[in-house]
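After this come two complexes, each holding chain A, first together with chain B and then together with chain C.
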Partner chain A sequence: MSVVIEARELSRWYGVVMGLNNVSFQVQPGLTGLVGPNGAGKSTLIQIITGQLQGSSGDLTVFGQRPWNNPALLGRIGYCPERESLPRDLQPLDWLRGLGMVSGLPTAAVRGRAEAMLQRVRLGREHWSKRMGQYSKGMRQRVKLAQALMHGPDLLVLDEPMNGLDPMGRQEISQILKELAAGGTTILISSHILAELESLCGNIIILNWGRILASGAQKEIRDDLKNWSEQLTIRCSDPRKLARHLFDAGVLLGFDLDPAEGLVHVRIENPEQFFPNWTRLLLEADIAVYEIRSQNRSLRRIFEKVTS
Partner chain B sequence: MALHDTQYQHWQGRHVGIWSRRAVIAGQGLKSCLQVKWMRYIITLCWGGALVQVVALFFLGQLLVADSIVVEWLSNLNPQLQAIGRALTSWLEGHPEISVRTSFNLLFYFFSNSLMTFTMIAIALSIPHLITRDLSSNAIIIYSSKALSRSDYLLGKFATVLGLMVLTWLGPVCVAWFMGNLLSPNWHFFWHSRLALAHGVVFLGGSMVVLGVLALGVSAVSSSSKTTTSIWVGLWLVGNALIPIAKETKPWLRNLSLSYDLEQIGLSVFQLKNDFQAAEQNIPLFGDMIRAIRERSRSALETPDLTGALVGLGLMMAICLVIVARKVKPE
Partner chain C sequence: MNSTGSTANAEVAGGGLRIEPGVIKAFRGLFRISFKSQFAVRRLPMVVLLAFLIPVLAWFTVGTGRQVPFFHWMVDVYLLLLLPLYCLSVCGALIRDEIQSDTLGFLTTRPLTRVRLFLIQFVCQIVLLELIALGSAVLLMVSGGLRAIPDLVALAPVFLVAQGLGVLAYGALSSLLGLLTQRYMVLGIVYGFVVEFGIGRIPTNINNLSVSRHLRTLLANNETILDLYRWSPEGTLFSMAILGAATAGFLVLGAVVFKFREYHASDDMQK
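What follows is the complex of A and B.
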């Protein structure tokens, strides 16, 4: 599979502060999530990818070219910044048309394409004649996404695109991004809403303190983690009895009881040894089990584990 | 909802060239400026001024037509004005190449200077629409992520100011020249006034470049429209206030005045010394009036402070270029 973004030993300093520290990774076509706490280096990385910043050392290429001072390459990249970046006194169509023409689209094409993009991000037609200063945060997010799509980029870089969107809006944007990815657009999306990324992105890059702690498919990262403790939540008739039984069997790292809800949260030391014996252990406990939930599949757990 | 929405398509058509993209930035900036009501008033006033100049040139040309309304009207004026009119007429008839060039040159100089005031006001109104608003709305981040470089963006914005000055300054002057000559009784007026037009174009072209760079610099100082507009007005008015102070204290202080420096360049380009001499020698009374101008004022007109003006303007432009370089960057 072709590589869209490739970083090799990339670093970026801000004076004595290190924004990115010797990172190397690859981004393949499809949807990739960029995860990390504030100050992890996500925005720095995004700015380098979109040609806004230059790395201090190392190399980063997008479609095999360096983005810095490379307008031709930037024409293949769509960028939706996190910061508010809409002119308040313009209507969205005027702004999109202008940006389309700035990106090199012929005048005759931009009008229709601007309308198509607003429809694409599902901004209601009744809002098109309003100035963008009157828009809600969610509407502004949609216009920002529309401008990033305006010139038909091959790579879409989105910095916190779900900010300010209500749950329905998030679902709609997620759906749009899935459609774009299915249509061949590579998408790199940064978000602190891990649940959104989890369902959206097959691949993730986890950043912290300017370093990449993990990158690749979620499953691969989870499988690669050593000492990975499985966490289960079990609703049963006697949580205390079940916890004691499992603890005596020597398969638990620890547990938390929630008797009022009939829950026990257990952390399993060695899932590979535990699960083949799981049915036998439950039968031996001799209690009624109503529900079992695994927590280990969540991106949040991966993130917590990797950054811990 | 279908998972794969097929409405979206990558752009497969041709892309327009970089100059068209720069022109888009310039055009959008100009459009944004023209949405300001007062800007439209100022531009109307400038074109009103052009009309006045056309009338003046028409008046000049009609002096050569024996039975024209102008000649008839002149004959009803007091004897002194009649004498000036007759002298001017005979000068135009006797030495058209000198008289037309001189008259046009003087008119163009005064007209260009008058329009400079309106142009300065127009720039004050346009300052927020150049870089300031892109900074305040962070739209500059979006621009810098598109397929154009920082210099393309700045060239577009520079063209916005130039376009505006074409509307308030260069356009009225050039159209007045063309219309004035078109209404003249003799096609030779076009040829004889070519030097005056060249002086006007050189002076206005140079001034437009200087003012354009200064406007971009001031516009990039802050993301607050009020602040940048105030700085521009301050730069202009404080500079004007420095001129009388400089006379009493340090003469070089006047070179910190934008208006003064541009006026000196105008005097150097138009070379009014030759015109005043020609007028003195050929037009009675008018020549006496010129001779009556105090010696100090005459020397200022005849030997303008070009070096000081260039140094002053160069300094201001350098500061503005540094501001633009520091403020308008993706990082």
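What follows is the complex of A and C.
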């Protein structure tokens, strides 16, 4: 499969602050999610991909070319920034038409194209005559997405595009992105809304402190997680006794007691070996168990695990 | 662009449109955005105020037929003080406003080199600025006409040429200052005091560094101005050439700065 974005030992400093630390990864066609807490380096990476910043060392290519000062390449990229800032005095059609012409769309077709994109992102026609300064957060997100789609990019880079959208809006935008990806557009999307990335993106890049902690297909990351320690929370009649018993059996990496709530949080050393013997161990402890909670293997869990 | 894809995607990803970026098309696109922003309803009162301020003040404060104070309004207050400040405020914000409001990324991610983007932005802004200045100068002349100020018609061509060249030079300088620092207003005012009011009035060749010194030379081609201010019209062509060269020089510097400097949304990078 062809590589759309490739970073090799890419680093970026802001003075003494490190924005990206020696990251290497590949983005394949399709939908890829970029996950990380604030300050992880997501926006820095996105700005390097879209030619707004340069790496301090290492290399990053998009479609085999470096993005900085490369207009031909930029013509193939659509970018939707994180902040909701838009020219507040302009109406969306005027802005989109202007940007469309800068992107090289035919003058005669640019108005129709702008209208089509506003319809595509489901911005109601009744809002088109308003100045964008009067727009809600969700409406601004839609216009931002429309401007990124104006010139029909091969790669769409979206920085937190779901911010401010209501659940229905998120679903609509997700659907648009899925259609675009199905049609051959590569999409890189960053978000804190992990549940949406989980349902939207086949591939994930997890970034924290400027480093890539995990990258690849979601399934691969989940499989990797099988080798990581599992955590269970158990509510029982004697948490101290249970913890001691399990610890003596040599199956725990560690535990935390919460006697007031009757809880013990246990970190299991080898889940593959632990769970077949789990009932026997509980019976041997000779205590009453009221509740067992297991952390699931959702993307949120993966994210919390690798960024903790 | 994408050549394959579903119907839905074809609609979004080009729909068979031919994408051909070009300077003229980019100019038209950016001019549309600049024009709509500059003359937005919210900003119109300020534009109108600036256009009418000096003509109205001059009309109120100068008596009928009193040529000298009216010319002071035109030259000292309007041309050599307020117009440079207006250029500083408008052209300094050319790129800086986009940085401050974090909308620069919408432009720098388009298929246009940064040098072209900067120059096209400048041309768009300067065309609008020249139009506003022309309107203001015409209103000033009308105001003088209503007060029966003599020799205004003879002054008009020289005044408008000086104003046109002055707006270009001050506009280019202001654009450069706006690229260098977010405190371009402060830097511009300091520059004005040091170079325009200071160095420009030193009676040696060093005063060639001052834009206003060359504007004075152009204005001195009018006999009334010559009598009133005792400026010398010698070297008019040289002054015009210097103003043109200064404009070009400031723009080249600005283009180089914009080409190589990274502008980041974070506060640290906006300094």
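Just so it is clear, the second predicted complex is superposed on the first by the 237 of 308 C-alpha atoms of A that agree within 3 Å, B and C clash if a C-alpha of one lies under 4 Å from a C-alpha of the other, contacts with A are read in each partner's own complex, and residues count from 1 in each chain.
Just so we're on the same page, a residue touches a chain if its C-beta (ideal position, glycine included) is under 8 Å from a C-beta of that chain, and two chains touch if they have at least 3 such contacts.
Given the structure is predicted, the values throughout are model-derived calculations rather than measurements.
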TODO: Using the overlay on chain A, decide if chain B and chain C clash or can fit next to each other.
DONE: clash
Open item on the list: Just to be sure I read the superposition right, which of the two partners does A:G104 touch: chain B = first, chain C = second, or both, or neither?
Closed with: both
TODO: With the two complexes superposed on chain A, say which partner A:R131 touches: chain B (first), chain C (second), both, or neither.
DONE: second
TODO: Could you look at A:P71 and tell me whether it touches chain B, chain C, both or neither (first, second, both, neither)?
DONE: both
Open item on the list: For A:T50 in the superposed arrangement: first (chain B), second (chain C), both or neither?
Closed with: both
Task: From 41-49, 95-103 or 185-193, the chain B stretch with C-alpha clashes against chain C - done: 41-49
Open item on the list: Give me the intersection of chain A's contacts with chain B and its contacts with chain C, in residue numbers.
Closed with: 47, 50-54, 69, 71-72, 74-75, 77, 79, 81, 83, 85-87, 89, 98-99, 101-106, 109, 113, 116, 120, 147, 149, 151-154, 176, 179-180, 182-185
Open item on the list: Touching residues of chain A toward chain B in the complex: what are they?
Closed with: 47, 50-54, 69, 71-72, 74-75, 77-79, 81, 83-89, 98-99, 101-106, 109, 113, 116, 119-120, 147, 149, 151-154, 175-176, 178-180, 182-185
Task: Residues on chain A engaged by chain C in the complex (per definition of touch) - done: 14-15, 43, 47, 50-54, 69, 71-72, 74-77, 79, 81, 83, 85-87, 89-91, 94-95, 97-107, 109, 113, 116-117, 120, 131, 147, 149, 151-154, 176, 179-180, 182-185
- [ ] Sort out for me which residues of chain B touch chain A in the complex.
- [x] 1, 3-18, 20-21, 24-25, 28, 133-134, 137-139, 141-149, 152, 330-331
- [ ] Over in the complex, which chain C residues touch chain A? Could you list them?
- [x] 1-2, 4-6, 8-15, 17-22, 25-26, 28-30, 32-33, 36-37, 40-43, 101-114, 259, 262-266, 268-269
